[in-house]
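Take a look at the structures listed below.
In the two assemblies presented below, chain A is common to both, partnered first by chain B and then by chain C.
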Partner chain A sequence: MHTQRDEATSTEQQVRETTRRFILSSIQVTRLDDDANLFESGIVNSLFAVQLMTFIEKTFAIEVGMDDLDVENFKSVNATTGFVLRKTGALG
Partner chain B sequence: MEFHRIGVVGAGNIGIGVVTDLVLHGLCTVVVDVSDEILQRAQAAVLNNVRCVPLLSKTLPRITRDEALHRMVLTTKLQDVASCDFVIENVTEDWNIKQRLYEELDRVSPPDVCFGANTSCISITQIGGATRRSAQVIGVHLMNPVHLKPTVEVIRGFHTSERTLDTLLQLFAVLHKEAIVVNDLPGFVSNRISHVFMNEAAFVLQDNVATAEQIDMIFKQCFGHKMGPLETADLIGLDTVVRSLDVLYESFKDPKYRCCPLLRKLVHAGHLGRKTAKGFHAYPEG
Partner chain C sequence: MIEGLPPRIAEASPDLHSARHDEFKAFVARHVAPCAEQWDRDQRIPESVLAIMAQCGYLGCSLPKDVGGKGWDVVTFGLLNEAFGRGSAALTGVLTVQAMVSMAILKWGTSQQKRAWLPPLAEGEIIGAFALTEPDAGSDLHFHDTPFTESSDGLILNGAKKWISCGQFAAMYLVFGTLGKNSVACIVPRESRGLRVEPIAELLGFRAAGLAELHFDDVFVPASNVVGKPGFALSHVAPVGLHYGRISTACSALGLLRGCFEESVAHASRRKIGDITVGDLGMIRSLIARMGTDLEAGRLLCHSACRAEDEHVPDVFERTLVAKYFTSRAAVRAASDAVQIQGAAGCHGSSAVSRYYRDAKIMEIIEGTTQIHEDILGKMFVDHASRLGAVSNSGAPESGKRA
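Presenting the complex of A and B:
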């Protein structure tokens, strides 16, 4: 029997995997720590935040508002996953 | 000098960046290109740039979508720049196109207006010669993404006057941009050097010395460059890079500027870099 918690975990895994796959397809690394700060580490330049935001809006059908336009929301796989879950109401 | 309205001729990649920068800093623009479709696409891109400013910069002004729209007049008629205080030209890097454009621009613009020629490689002196106001033509090599770059390579043509340079510097003061003023020869400083790098990187890839990823990583991780030469070529657009190399080759007649066959082949295949999602590297669509 599926519980609400199982579903939430499954959604989180899907979002995380989709986000990770997009990032890996866009940058020149083969492995990526989910907590690695993409911008501070120099893996990508700040323009990538726009690409990632656009991808997330299209893929998860969410609208990124003015208040959400903070690079902190997109700085890593985990940060992006958390942001998507908050916006879709799947978290909390 | 007070600037009320700036003409932006050519609404491609760089033109979009120029309009973004101008509207962010409160300047009204008259944006000219050859079709409504191109202009609509450019307007959408400017609005997206304006929207994304908080993500990319802590210091650039924040403006609303309506404010940005209010500061853009889109037109396919070049004579509409007649109301502008300054014109920035960003059309395709093709001398025949630029020559015809400048002859027409000269006819429709008030005599005291200066032209900023945004060219990758074509001589500013040559461009000035297509007008009857060569003292008022100056090179402004604005680079992508224009609104995020604080410094601009500015090129003084043979006849460019101090007054024209001063007018441009006043416009740059509004945009919070610094100028590095250099003299005129095709490719100036930036592209005369960078295109040799990009072209040779393509030869290294063609000769199977390293992968595209390895070439760029060596520049980033060993030299500390922000981007590798092939990534940079993809960002500029491989068609533009080829056109610039051809201009350099024609201008200097020096074989070091001969275009790498792989680079030209990618352009023929429609792999133009980021704008087509395929170049030396692959990029997400859309």
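Presenting the complex of A and C:
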């Protein structure tokens, strides 16, 4: 029997995998730690930030606005996953 | 699983796109093409034509209806720019910067900024200008250094911006600078104390686009005028504006390319050399064939970029870079060939192609030079191939990147 918690975990995994797949398709690395800081490592180009924003808006039906502009929301796979889950209300 | 975002603006049907394109072309034939040469000579666009454009909703066509815009999709915006590009690249520059400023504020502005600025921009009551380029810094945003410093209830701006399209007649500027180590973007009204607007004349092309140099001498900017947040101006605010600027410029260059093509085929079929026409000459046919093929390719690339923006897909930025890179370079080639086909007549200031020749070169420079586009796109394509592992033993890509 599926519990609410199982469902939340499943959604989190899906969001993380989808996000990781997009980021890996956009940057020049073959492996990526989910906590690796994308913007400090120099592996992203100047358009990556808006590409990532467009991706999460399109994929997860989120509108990223001025209040969301915080590096902590997008700095890694895990940070972006957490941001998506908070915005969609899937977390808590 | 969370559902994806539907298109932000309902896309018009192909029939409606076609009907609107016809409307835009008719507008240009009536209000723009007959005057473009005079505007170029006068180095100014009369307020009257901006007023008619505002009445038609063209100056705010991409903004949502709830702020007074038309809410048109980006394909329609592209067709508008294409039609205007055929008539006057300089006037199309107004559509370009209006969209750059409007869309950046729409995306990253506060509720208060949207309420204050989007309705007058949408209705064309005011023109906005995108103040990014500096006297000593061009396309590379990271070399910019217009300093903002903090004051008790806002920011103080010093420095200068140069080559600002519509700067002469804009009522407000979206100004990019630095606050310590952070990039910052602010709305600066034209009437701000300490702001001096110096017109730039005698340009090669875009002569009527009202370019200006802006000088800021201790200009006070209220904290409420910061767009986005400090630290995100170059990574998020500027790219949204520049992206719309590239869509507009790509389509404007396409319109200029169409102008070269139409002028060339008309001349080639009309101009006699003895018993034959210029168009009977194989060498002229070669030039026209190249122009017509570039025109068709440019149409497809621009449509692809505009559709991608309507669908809000992440590779829209790449598609737009490709479209702008292609059409601006194709416009330069076509304008050169169009002058060549008309000979001495094409070299005179009264010919549309001589203006196209000068304006086309500007298209390769604004919203990122050709070289900046090559640098970004070249890296993107190589990285993409590497990620796919698509390099065969011979070293040649097995499957090319879509472009």
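The definition used in the following text is that the second predicted complex is superposed on the first by the 89 of 92 C-alpha atoms of A that agree within 3 Å, B and C clash if a C-alpha of one lies under 4 Å from a C-alpha of the other, contacts with A are read in each partner's own complex, and residues count from 1 in each chain.
Everything below uses one rule, namely that contacts are C-beta pairs under 8 Å (C-beta built on N, C-alpha and C of every residue); 3 or more make two chains touch, one makes a residue touch a chain.
Note that this is a predicted model, so its numbers are computed, not measured.
Undergrad: Please determine, from the superposition on chain A, whether chain B and chain C clash or fit.
TA: The answer is clash.
Undergrad: Any idea whether chain B or chain C touches more of chain A?
TA: With both complexes superposed on chain A, more residues of chain A are touched by C.
Undergrad: Looking at the overlay, what does A:Ala61 touch: chain B (first), chain C (second), both, or neither?
TA: Only chain C is touched by A:Ala61; chain B is not.
Undergrad: Is A:Thr11 in contact with chain B, with chain C, with both, or with neither (first, second, both, neither)?
TA: second
Undergrad: For A:Gln51, decide between first (touching chain B), second (touching chain C), both and neither.
TA: both
Undergrad: Determine, under the contact definition given at the top, whether A:Leu69 touches first (chain B), second (chain C), both, or neither.
TA: It touches chain B and chain C both.
Undergrad: By the touch definition at the top of the document, which applies to A:Ser25: first (chain B), second (chain C), both, or neither?
TA: The answer is both, since A:Ser25 touches chain B and chain C.
Undergrad: Which region of chain C runs into chain B, 41-49, 257-265 or 293-301, after the two models are superposed?
TA: The answer is stretch 41-49.
Undergrad: What is the shared patch of chain A, the residues that chain B and chain C both contact?
TA: Touching chain B and chain C on chain A: residues 22, 25-26, 28, 45-47, 49-51, 53-55, 58, 66, 69-71.
Undergrad: Quick one: which bits of chain A touch chain B in the complex? Just the residue numbers, please.
TA: Residues of chain A touching chain B: 22, 25-26, 28, 42, 45-47, 49-51, 53-55, 58, 66, 69-71, 74.
Undergrad: Show me the residue ranges of chain C that touch chain A in the complex, using the header's touch definition.
TA: Against chain A, chain C makes touches at 1-6, 107-110, 141, 227-229, 231-232, 234-236, 239-240, 243, 311-318, 376, 379-380, 383, 386-387.
Undergrad: Under the definition above, what is the set of chain B residues touching chain A in their complex?
TA: It is residues 48, 51-56, 145, 213, 216-217, 220, 226-227, 281-284, 286 of chain B that touch chain A.
Undergrad: In their shared complex, at which residues does chain A touch chain C?
TA: Residue positions touching the partner: 11, 14-15, 22, 24-28, 30, 45-47, 49-55, 57-62, 65-66, 69-71, 84, 88, 90.
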